[in-house]
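Two complexes, one shared chain (chain A), two partners (chain B, chain C).
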Partner chain A sequence: MRPQHLVTHPRSLHPGAWWLWALGLAAAASRTQNPVPLLLVLAVTGFVVAARRSDAPWARSYGAFLKLALVLIVVRILFQSVLSSGSQGPTVLLTLPDLPVPGSTGLKLGGVISLEAVLQATYEGLQLATILCCVGAANSLGSARRLLRSMPGALYEVGVASVIALTFAPQLVTDAGRVRAAQRLRGQSGGGLTSMKRLAMPVLEGALDRSVELAAAMDSRGYGRTTHRSRGSRRLTGLLVFGGILGVAVGVYGLLSGTSTSWFGLPMLLAGCVLAATGTYLGGRRTGRTKYRPDPWALPEWLVVGCGLVPAVTMFWSVRTDPASLFLASATTVPPVPLLACAGIMVGLLPCVLAPPLPRVGPVAPVGTAPVEAAA
Partner chain B sequence: MITFDKVGLTYAEADAPVLADVELTIPEGELCLVIGRTGSGKSTLLRAINGLVPHFSGGTLSGRVIVDGRDTRRHRPRDLADVVGFVGQDPLAGFVTDTVEDELAYGMESLGLAAAVMRQRVEETLDLLGLPDVRHQPLADLSAGQQQRVAIGSVLTTHPRILVLDEPTSALDPQAAEEVLATLQRLVHDLGLTVVLAEHRLERVVQYADRVVLVPGAGRPVRHGDPAVVLQDSSIAPPVVELGRVTGWRPLPLSVRDARRRAAPVRALLADRRPPTPERRAPGPPMEPLARVDHLVAGYRGLRVLDGVSTGLWPGEVVALMGRNGAGKSTLLRALVGSKRPTSGRVRLGGVAPDELKPTELLRHVGLVPQEPNDLLYAHSVALECVQADRDAGVGAGTTRTILERLSPDIPDSAHPRDLSEGQRLTLALAVVLAARPPLVLLDEPTRGLDYTAKHRLVEILRDLADAGRCAVLATHDVELVAEVSSRVLVLADGELVADGPTPDVVTASPAFAPQTAKILAPQRWLTPTQVATALAEVTEVSL
Partner chain C sequence: MTDLIPLRGRSTMALAAVSAIGLVAFGWPFFTEPGSALDSSHSGDAPFLFVAVLPLLAAIVLAELTSGGMDAKSVAMLGMLAAVGGALRALGPGTAGLEPSFAVIILGGRVFGRGFGFVLGAVTIFAGALITGGVGPWLPFQMIAAGWVGFLAGCLPRSSGRAEVLVLAGYAFVAGLLFGLVMNLWFWPFASYGPETSFVAGDPVTANLSRYAVFYVTTSLLWDLGRSVLSFLLIGLTGSALLQALRRASRRAAFDAPVVFER
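This part shows the complex of A and B:
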């Protein structure tokens, strides 16, 4: 057996496997508003991230996603309990002074805030937050840039755009911090519309400059240098790929929304996948791009993807057989524990042993000296 | 290898051409140094070599640029990637992947080299540039010198015949710059690579150059030839050349070694002269320091950047803050303006803590020009920026514009701050800061991208500030500037203050921080060619 098939052989897992695993968990979370499985998914992602992430800068992003998720829940509660009149129930928590709003809009300002509305908003917010954390987990376990490396060479323009976008977003945050600090030096306390305008100008201009610089660097290093490719074949590739992506999008929507008829979902997804694969294969055959030390796709990758698939499948099955336990009839009832779905989600925890451990990064020990741990 | 045939370039919407009638041939295996003032078209010339100009920048190119037999009009930058390796000004901005190894392989992947070839070349390049220890590390975690070497390595793996570098050492500390230059030197000698580089810090590179190309700007003809000849009457010259002019050495020395071998008679002439010492007003009572830092500890998530720093800043001083990249210079400056809260210890600006001051009061106590002067500027034009600065500082209308007029008289009102040259932008940011009349002015790396003329201007401005009883602190890697202007030097290393004393004492104590003049005339402690010129004039007067 080759070493990459061993789950104990230290190497970093293919980022694609992490993304598929996380998407499986996210798909599971998208089909329930019961807080029990949702919190379980959250715990599973957090645990696996803690067990298998590296100490690279992008691996620290899970915390940021978690914070964003909390903000999301709070915003959701505020909006739904203070502004919506439709979701209020009989258990009144408190009554705020209210402003009159025409009754037909379904909106209100202040007034009665009920336990039902707050709980409902919490559960819905929790669902979104869980999906967000799944993406965060994927991002910190499998670097998105390394994932792009595995992208077929046929998608040149998309590749450039994605790399620039990936650089753009985090850089924007650092720049904003720097410019805010500089604003203080000019006697601005921050806040207000003028301050926002003053922040936006230098930050956006700087980010734009850098993006152009990066694109120039990619070009001068030969990115997108294609060997003999006709206009016709390029069009065909583009058509196939985008048709395929459209099919995948529609298929995923059909599958996850659960409202449309069954012909919509799975077959559309499969057809989309086939189209996109043909397109990228045709296009990829024509570019002269090669891969340096391609990430292997071996047994651990299959296992991890499987561990992501199981929660999704069990959840979809449970929705069909026992919908009442996944969508609560009333927000105030004690949430039941859907056993099958929870067992499925627990399988998602296995990658913390099934994914290979990371190799130790650091200076190479000089020849002839034993590692300190071994000597101790 | 590279031929410019009557090349001219006019950018879109520009009235005048940047380059006109450039006739230049660079033969194989040469190290060619491109010099010129900021905004003179050096970068444009470099970018024309691999076709980024005009394919990426736009504009109209006349004439032809032939690189290894290929015309850049018909070859895009990506088609020249196997012949020309291009390293831009900011290595971090050009990185496409996450880790060192991936970055080195990136260019080869684009060219479609076989996997086995790539493996071998990555290993060779890691060894050549001394990077094997960091091969798996994320690029963002490397030091600035390592990042620059990775950027060079990443274009070397495709085995180009030409290497083009735009200011490879301007952001680096002296030690890291040495590292990078030694690498380039090795590439030229061992691999016979043709290297074309632009650099403002001539004192670092001119000794390695086989040829100097002087781009005078404004479309005037480009001059090129032997370094000693071109530099004879150029307005841009490193201190060693200026010293050569003062002492009348011909041909001009280009390296410390050349000059030192001829310096014995000058040293004898100057033997009984004393170099001027910076006057230092006695610290402590009756003079109160403008700022005090006591046992300052500050850091970021578990990392201690400053570890118990104590010092004071007095009126009338120009203090230079030196140290390796990442030694804590910027953090100290940020602590002085209160953007960085101390973990322990305290910072006092005339009795108050800067982080407790309201922004509107802060700017009356201290001003900081950040590393990126753009961060301070946000208006659409210079005039609007000045008006805004008056309003921010609560001073009379026109104050900022008057200060700017004194610092740099030739900046048009209607210009967009981003279109100004580096030096002009720095003076604009400085004018904005000075409008509130803070007694303490901090500058973070002010000489990055500044040419000698702009630097002289900065020296005058800083001296005026000190004479007016204010204190200026500059964090910098530029030892020549430090020798020229500062009265006291602080050296930070690993978060601690390792040296704090008058400039001559500190800079002559270690070769890494010594200016060229001091190296040439050691053990005498002359720091700048100007000092030597004055002393020599006095000596000849006496002997007459």
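This part shows the complex of A and C:
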């Protein structure tokens, strides 16, 4: 068995696996407004992030997403309870001074605030917040920058441009700091739009100069070598891509139109997506470029993806068999515990042991593995 | 005007088709007919459906636009301008941090052509999201909307001097508002802040439109106005200098010069 198949061999998991795992949890969260499974999903993502995140700067983004999610819930509660009169129920919590709002919008300002409105807003906000936190977990576990390396070949130019942007953006910030320091030495005080102009010009000029230099460096290292593609293969990929786009368009039309022929909408959409994706993939495969040390996709990746799939499948199954426990009839009832769905979500917790531990930074490895490390 | 990414037959077709589908992906609440699949059996899935389809469409249009025709100089210019926009986005103030990068997208689209404008808008948003760690379902929507902003900046009528800067600044103001109007649309079906402001599947278009207007005015008009005014001021004050810098770089890079090998 090769070492990358072991769940104990320290390496960083393929970021795509983390994204699929998080998408599975997000799909599960998108199917319920019961706070019990939602909070469970939230806890699972938080726990796995705490167990398997790296020290990289983007690993902190889970916290940022969590804060954003809290803001989202609070905004929603404020809107539904203070501004909307239509979502109030019979249980009055408190009555604020009322301010009439002109027009027939149905809005209000202040007035009666009921428990139903607050609870409903909390549950709906919690659903979105949970989905948001799943995305945040994916952001902090699987680096989107490393995912760039697995970009399909057809997007090679865009990928290179993105890598250039990511590499030079921090340098631009340093440049701006240097320009500002120079301005301060000349006695120019910062602030206002005119100082922004004085700052923008040198920074932009520096970036443009650098782009010309970079292009020369890329040219001299053989960038832009094009491989010959036969007319037939170009035609085939074009046919696939445009057939796919046409399929998507027809599928969307089928989903939107009210006539009886709309049954073909979803299948057409799916078929179009598959065609277009195949065309783009084939078009990129013929560019004749290889990847430098590609990230392996081995057993742990499959296990993690499976752990994300299980919550989604059990949740979709529960929606079909027992919808009443996932969408509460009234916001004030005590939320029931949907056992199957919760068990499925708990499977999503397993990646905190199934994902391989991160390689430790620094010379702490045992003596025997040192040459391997050096060779790698 | 140098056209770094010329729109050929195939890429024009892809751009037009994806833009049309993109418009529907943003505005589907207004397009659903009563009794359609999105209205009845799939009304809960509809927003997720477009969230799932749009990344693929964005990838396709970017691949079609860039495949083949880009040399190292264009790629380096694209990457650098996206770095400027992305860094501005990371430094930008809080949630409405899109403002300064808008100026870069608009000026880049103006100087280097509409195809480049589209790709620059999309890549700038993408790089900004990677830098700030903010990759999410909104990303493809933002990429396509910002691509439109750059594309239309390249389509503006020819003018020069003061008039050009004024036209660009005015366009930046309008684009800032329209970007907000369109970007709110994608999550409007998720955002049920109460029956007066939220999307009701199967309602007549006018009723949904008026509810969307209420939603837009109460939630985001203030942010969008701020962004518009800032882009207007930014381009109005620094536009001519930045345009000159970009054109000088374009001359230095000599994008138009054909590559000839001598024997």
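The definition used in the following text is that the second predicted complex is superposed on the first by the 240 of 376 C-alpha atoms of A that agree within 3 Å, B and C clash if a C-alpha of one lies under 4 Å from a C-alpha of the other, contacts with A are read in each partner's own complex, and residues count from 1 in each chain.
Going forward, contacts are C-beta pairs under 8 Å (C-beta built on N, C-alpha and C of every residue); 3 or more make two chains touch, one makes a residue touch a chain.
Because the structure is predicted, anything quoted here is derived from the model rather than measured.
Trainee: Looking at chain A, does chain C or chain B touch more of its residues?
Mentor: Between chain B and chain C, the winner on chain A residue contacts is C.
Trainee: Scan A:W58 for contacts with chain B and chain C and give back first, second, both or neither.
Mentor: In the superposition, A:W58 contacts both chain B and chain C.
Trainee: Is A:S189 in contact with chain B, with chain C, with both, or with neither (first, second, both, neither)?
Mentor: Touch status of A:S189: first partner only.
Trainee: Touching A:L214 in the superposition: chain B (first), chain C (second), both, neither?
Mentor: both
Trainee: What is the contact status of A:T280 with respect to chain B (first) and chain C (second): first, second, both, or neither?
Mentor: second
Trainee: Identify the partner contact of A:V179: answer first if only chain B is touched, second if only chain C is, both if each is, neither if none is.
Mentor: first
Trainee: If you lay the two complexes on top of each other, which residues of chain A touch chain B in one and chain C in the other?
Mentor: Residues 57-58, 145, 163, 197, 201, 205, 210, 214-215, 218-219, 223-224, which sit in both footprints.
Trainee: Quick check: in the complex, which residue numbers of chain A touch chain B?
Mentor: Interface residues on the chain A side: 56-58, 143, 145-146, 149, 163, 178-179, 181-189, 197-198, 201-202, 205-206, 210, 213-225, 227, 287-293, 359, 361, 363-364.
Trainee: Using the touch definition from the top, list the residues of chain A that touch chain C in their complex.
Mentor: It comes out as residues 30, 57-58, 60-61, 64, 76, 79-80, 83-87, 105-107, 117, 121, 124, 128, 132, 135, 138-140, 144-145, 148, 152, 154-155, 157-158, 160-173, 193-194, 196-197, 200-201, 203-205, 207-212, 214-215, 218-219, 223-224, 226, 238, 241-242, 244-246, 248-249, 252, 254-259, 262-263, 265-266, 269, 273, 276-277, 280, 283-284.
Trainee: Quick check on the complex: what are the chain B residues that touch chain A?
Mentor: Against chain A, the touching part of chain B is residues 50-52, 55-56, 76-82, 84, 86, 88, 90, 93-99, 101-102, 105-115, 118-119, 122, 132-134, 136-138, 140-141, 154-155, 158, 334, 337-339, 358-360, 362-363, 367-368, 370, 372, 374-378, 389, 392-394, 418, 432-433, 436.
Trainee: Note which residues of chain C are touching chain A in the complex, please.
Mentor: By the definition above, chain C touches chain A via 10, 13-14, 17-18, 20-21, 24-25, 28, 31-39, 42, 46, 48-49, 53, 56-57, 59-60, 62-64, 66-68, 70-73, 75-84, 86-87, 90-91, 119, 122-124, 126-127, 129-137, 190-197, 210, 214, 218-219, 233-234, 237-238, 241-242, 245-246, 248-249, 252-253.
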